[in-house]
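Here's the structure we're looking at; comments come further down.
Think of it as A, B, C and D in the order they're written, each chain with its own count starting at 1.
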Amino acid sequence: KRLRELGVKIGVMPTGKRNAITDVGGVKVGQTTLIAGDSVRTGATVILPHGGNVFQQKVPAAIELGNGFGKLIGYSQVAELGNLETPIVLTNTLNVSTAAAALVDWTLTQKGNENVRSVNPIVGETNDSYLNDIRGRHVKQTDIIQALQTAVAGNVEEGNVGAGTGTVCFGWKGGIGTSSRKLPAALGGYTVGVLVQTNFGGVLEVAGVPVGVELGKYSFKETLDRSGDGSCMIVVATDAPLDARNLKRLAKRTLLGLGKTGGIMANGSGDYVIAFSTAYTVPHDSNSKFEEQKLLRNDDTSPLFLAVIEATEEAILNSLFMAKTTKGYQGHTVEALPVPKVVDILKKYGKIK
Amino acid sequence: KRLRELGVKIGVMPTGKRNAITDVGGVKVGQTTLIAGDSVRTGATVILPHGGNVFQQKVPAAIELGNGFGKLIGYSQVAELGNLETPIVLTNTLNVSTAAAALVDWTLTQKGNENVRSVNPIVGETNDSYLNDIRGRHVKQTDIIQALQTAVAGNVEEGNVGAGTGTVCFGWKGGIGTSSRKLPAALGGYTVGVLVQTNFGGVLEVAGVPVGVELGKYSFKETLDRSGDGSCMIVVATDAPLDARNLKRLAKRTLLGLGKTGGIMANGSGDYVIAFSTAYTVPHDSNSKFEEQKLLRNDDTSPLFLAVIEATEEAILNSLFMAKTTKGYQGHTVEALPVPKVVDILKKYGKIK
Amino acid sequence: KRLRELGVKIGVMPTGKRNAITDVGGVKVGQTTLIAGDSVRTGATVILPHGGNVFQQKVPAAIELGNGFGKLIGYSQVAELGNLETPIVLTNTLNVSTAAAALVDWTLTQKGNENVRSVNPIVGETNDSYLNDIRGRHVKQTDIIQALQTAVAGNVEEGNVGAGTGTVCFGWKGGIGTSSRKLPAALGGYTVGVLVQTNFGGVLEVAGVPVGVELGKYSFKETLDRSGDGSCMIVVATDAPLDARNLKRLAKRTLLGLGKTGGIMANGSGDYVIAFSTAYTVPHDSNSKFEEQKLLRNDDTSPLFLAVIEATEEAILNSLFMAKTTKGYQGHTVEALPVPKVVDILKKYGKIK
Amino acid sequence: KRLRELGVKIGVMPTGKRNAITDVGGVKVGQTTLIAGDSVRTGATVILPHGGNVFQQKVPAAIELGNGFGKLIGYSQVAELGNLETPIVLTNTLNVSTAAAALVDWTLTQKGNENVRSVNPIVGETNDSYLNDIRGRHVKQTDIIQALQTAVAGNVEEGNVGAGTGTVCFGWKGGIGTSSRKLPAALGGYTVGVLVQTNFGGVLEVAGVPVGVELGKYSFKETLDRSGDGSCMIVVATDAPLDARNLKRLAKRTLLGLGKTGGIMANGSGDYVIAFSTAYTVPHDSNSKFEEQKLLRNDDTSPLFLAVIEATEEAILNSLFMAKTTKGYQGHTVEALPVPKVVDILKKYGKIK
């Protein structure tokens, strides 16, 4: 069950209809899950900002480097030009080049892109090598293409799925999670959606309750192991009319949501945030020398900041609550979060009645 | 009382002896509090990285821009050269140039600095204009000098003092707060200390408990007011041997601690983190062309990251728990956090037995 | 004489009418020159983006840190919000806080700003301590105010004037210089203006001719002296409709113009670029939640980049050609560039017929 | 012939023995040139910082984003950790993922890397689509591996070779170029080497002489075409003991050298600088918690800055002077720089006697 189905609310803002990144109109998510034999536990998750040709109709975007110990592809062009021109793919660390090649191929072969000779693919990753035979690089270009082709706008599967198939979070099975917030009309009425791929450590808190400590499992409990390591990929979508500068600010706030779950952005963690707006597009070619934009003023961005913090926290927790115990590479097993015990702890701390 | 005296622990790491930034050997804090008539509620807080001539013996340092809507002075030289050459002064928004002039004057007149012709003063601020007649610019250079001259290495006063005299946090009286963590020997045994000047908004949480919601006071509760605005200055000291790059990473993690108190880095917030190490100094003049440094490896920084998150969260909470109700400019009154009520809430949520 | 009056053209783009930053409509420049006794050789130069209330009608802006070993005030807020809210002041290193205090005072007391309680002054500097008794901090707030009040839109005085009164460049007397470019209509017809305060070293080239080598005066000729040190402040104005992101890109290109004069951004150099657009303003208060902007597309920015490189190179050279031999602090004398000799060199290299 | 063989010196610093990046001890360069049929004009150039296992013995490094409109892979981890863990590969825009996959594969299969499960490949590119059938993605992983395996420490081939096979610079055939500087002993005696892949536009200058204007071929001569577009990849090696912070500063200075050739970092240009030091290595695994480093002081970096500016300018010019007229994709022909005419122009301007 998702966290909210257990009766736990995160924050003070209402969610969107599905409490998912797909609450932002036009956004689609596709996932390919690869489970095979004893050792393949990996996959890919793709996020499409809209249903059209993303290269021809780019979207304003920004990438925040929370902790850059990761292999994200596509940073500099987004920083320079302020937009995205491909969907976003999440996968495992050693398959980012596979995914990038697939994104390029997919873009080159789309209708209308016959003359495209330069593409900036966006690929993020976390390292699933504890459960997955990562050196085998089992994600193939066809797996990425399939995720792109089957992406839909409805509910998003969470837990052990897609790029989250083999990930580990706070010592428990992590994976894909999502959440959203819809601002009240008085605050603009915008929707902010978040999707995460969780694979990091720290001292788990659920809605402020010290679940990691209560369960006796947290980073640096006794020694300097690497239990804090891992990574978190965070994708943010919004229909608020923000340009790249304010999208970067929005992206940065997600790190506070990560902090609220007990994440610490450990040295070994690749923590990246990719944020885009669906409020307008930037055409690749134009008869005009100008872009005309109606952008939200700086002064009116703060409610979005609160919303994205809440949605990030809840998306991370959903990834944990929806994941299942998994056995994989070299016989390693990672347990799912023991939800009944966690429910008891949440009751003890007054979070569930 | 400080939060810990109420029986509430933040995090899993032990504190230093005083649970203060001054637990880092050599660090001194000085404060000038200005309360006069109906309208003057301001002051200055200074942090000295060591007791010697800071210009001649600079300390490695970094500044993280959490949200740059503020007037911090001194950023670029620290970013370029990786060190600090003056103490750090915190004061109010419209007195930063006063404080900078005082720091320059103080540096020029120190013994050994007779030929110094360039100084990079470090001054941070928050805006205390609700309680203080900020346009009157009541902080004078002599007030800054006094804080520098009276700085000591012992306990640090918290609450309505120094640069925190007139600040407001989560709708309650904020101010100066401090905390520290001392890593277990197995994790390196280093100390990390944090001092904050709190003047920001959001949805207050105390040790994960939704105190802001329970008290019915939080940002954007009903409308888009500016209640989330304000700022937070965070100063971090450590005796771990880090260079500027890893100090910047350490500084960035404090924002997660700020997030755990419910802060959102609102648009109007100037959130800055200044971090320095006392493990070695960088001489202004040297007979050698080289600096020889023994630096902590990247792989061993993560426990420091957890420590600084915890210390930041606790320092912010201490600033609230130690502050007193204050009446000031134009008859405005800001209530202290109603500690007995908060204690009840913390009991309800199982945080105090 | 200015360089162009000697028959030397820089680059391929036409200049504006005055070949000055004031070719950008609305931009005003004011200067206070302080020459007194044996030791005072300093001053201030101010640039106003428009004739109105800059705080109430902010201008889009960006600051590039070429080499951050300097004391520029105001960086972070410009980076965060993308605009300027005061004029820009240039002065000497130890008077930046004086200038900032004056800018704050001037802003607070302007009509319409009665309730302003937060101001982000923008102050740059170079170090004129070889010719000026810099430790005396001879620039007073009244000097800054005077420069602001007497600023005009016409021709700009160059050489030993304002903030350039005591500066040294490539071993010769530097100072204030300016230049502009006006794009052909087919390239948009926009104007780009540059004003510089030159105080740096390297290996002087004039229109590509190795003047420094021919004159036998350049950095590191024999030893590791500090002859490459010093700083360059660069202010860029344009009427092209750029937002902060593209203004930052424009600002960055000026460094290539600095490089073409033989500048090297030495370790000790504080090289900063402040760029703003006059094409639209950002109101401090607004009834709307939105800004509506018609911005130049990324694809059409390149001619502006070429223009700003040329204007920067020429502005720096103008500062040298217009400066006069100066005697100052402790009897130090800095010679003006020996123009007749330079003309001979330029003839030898085919640059002047 | 290389520029210097024509009797033209760039700058005032002496070159290294080969005037090539391989003058930095241990650095190797390998190139695969792909010329096939009418349409394949591409390849790869690799730079190895040392002859050992680069993953196990990383080198301090930094990447500067001159203009980020490009597809460089590997930025964020270098920025975060301050080191490189693979060789650097340069290739064409649509083959970066191929190159990254090859680098990962090569790293995973090296002796000693049997347990490596995370690799940060560094790949840069420029767009050779005018002469090369770039959509065909003709560079294969085996081509990259071959370049890695055949890399040598001696002379470096320049012009139409490796990643420069199909590139265009200032409207003429560009390609690979290299140069170096060796500081006099009094300035430290360090070597700085630069290798470039040139594919950009602007207004060509050779040793300060306006060759582009004299030849009547330069960007924006008449209209807003895209002639300024394209990219420049710059790789810098040095044996000076610099950490990542000072390597970043060194990297940034190369842009001034690019400017001196007439480059403008046009909107469409992906201009990246990758700098590393061979003075020490950072072991992947260590028994110690510390790195002990003897680093050059900030104050002593300026001569390196001058050196790298000169070497970059000369490397770019070498790429032009060494390139040959090339016919390729769709019958497009790009002429080599007409060296005899250029020599005449250089004579006219007194640069060649």
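Here is the rule we go by: a residue touches a chain if its C-beta (ideal position, glycine included) is under 8 Å from a C-beta of that chain, and two chains touch if they have at least 3 such contacts.
From a predicted model like this one, the values you see are computed outputs, not experimental measurements.
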Leftover contact groups, counting everything except chain B:
one piece
Per the touch definition, the chains contacting both chain C and chain D are A, B
A student comparing B-D to A-D should find more C-beta pairs in contact for A-D
If you average the Cα atoms per chain, which one ends up farthest from chain A?
C
Any idea how many Å lie between the Cα centroids of chain B and chain D?
44
Chain centre separation (chain A, chain D; CA means) in Å
35
Which residues of chain A are in contact with two or more other chains?
67, 80-81, 188, 249, 298, 300
State the interface residues of chain A toward chain B in the complex, per the touch definition above.
11-13, 66-67, 186-188, 202-203, 205, 207-210, 213, 218-224, 228-229, 249, 252-253, 255-260, 263-268, 298-303, 305-306, 309, 348-351
Complex contact set, residues of chain C against chain A:
80-82, 188, 241, 243-245, 249, 286, 288-298, 300
In the complex formed with chain D, which residues of chain A make contact?
65, 67-77, 79-81, 93-94, 96-98, 100-101, 104, 108, 116-121, 127, 129, 134-135, 137, 270, 272
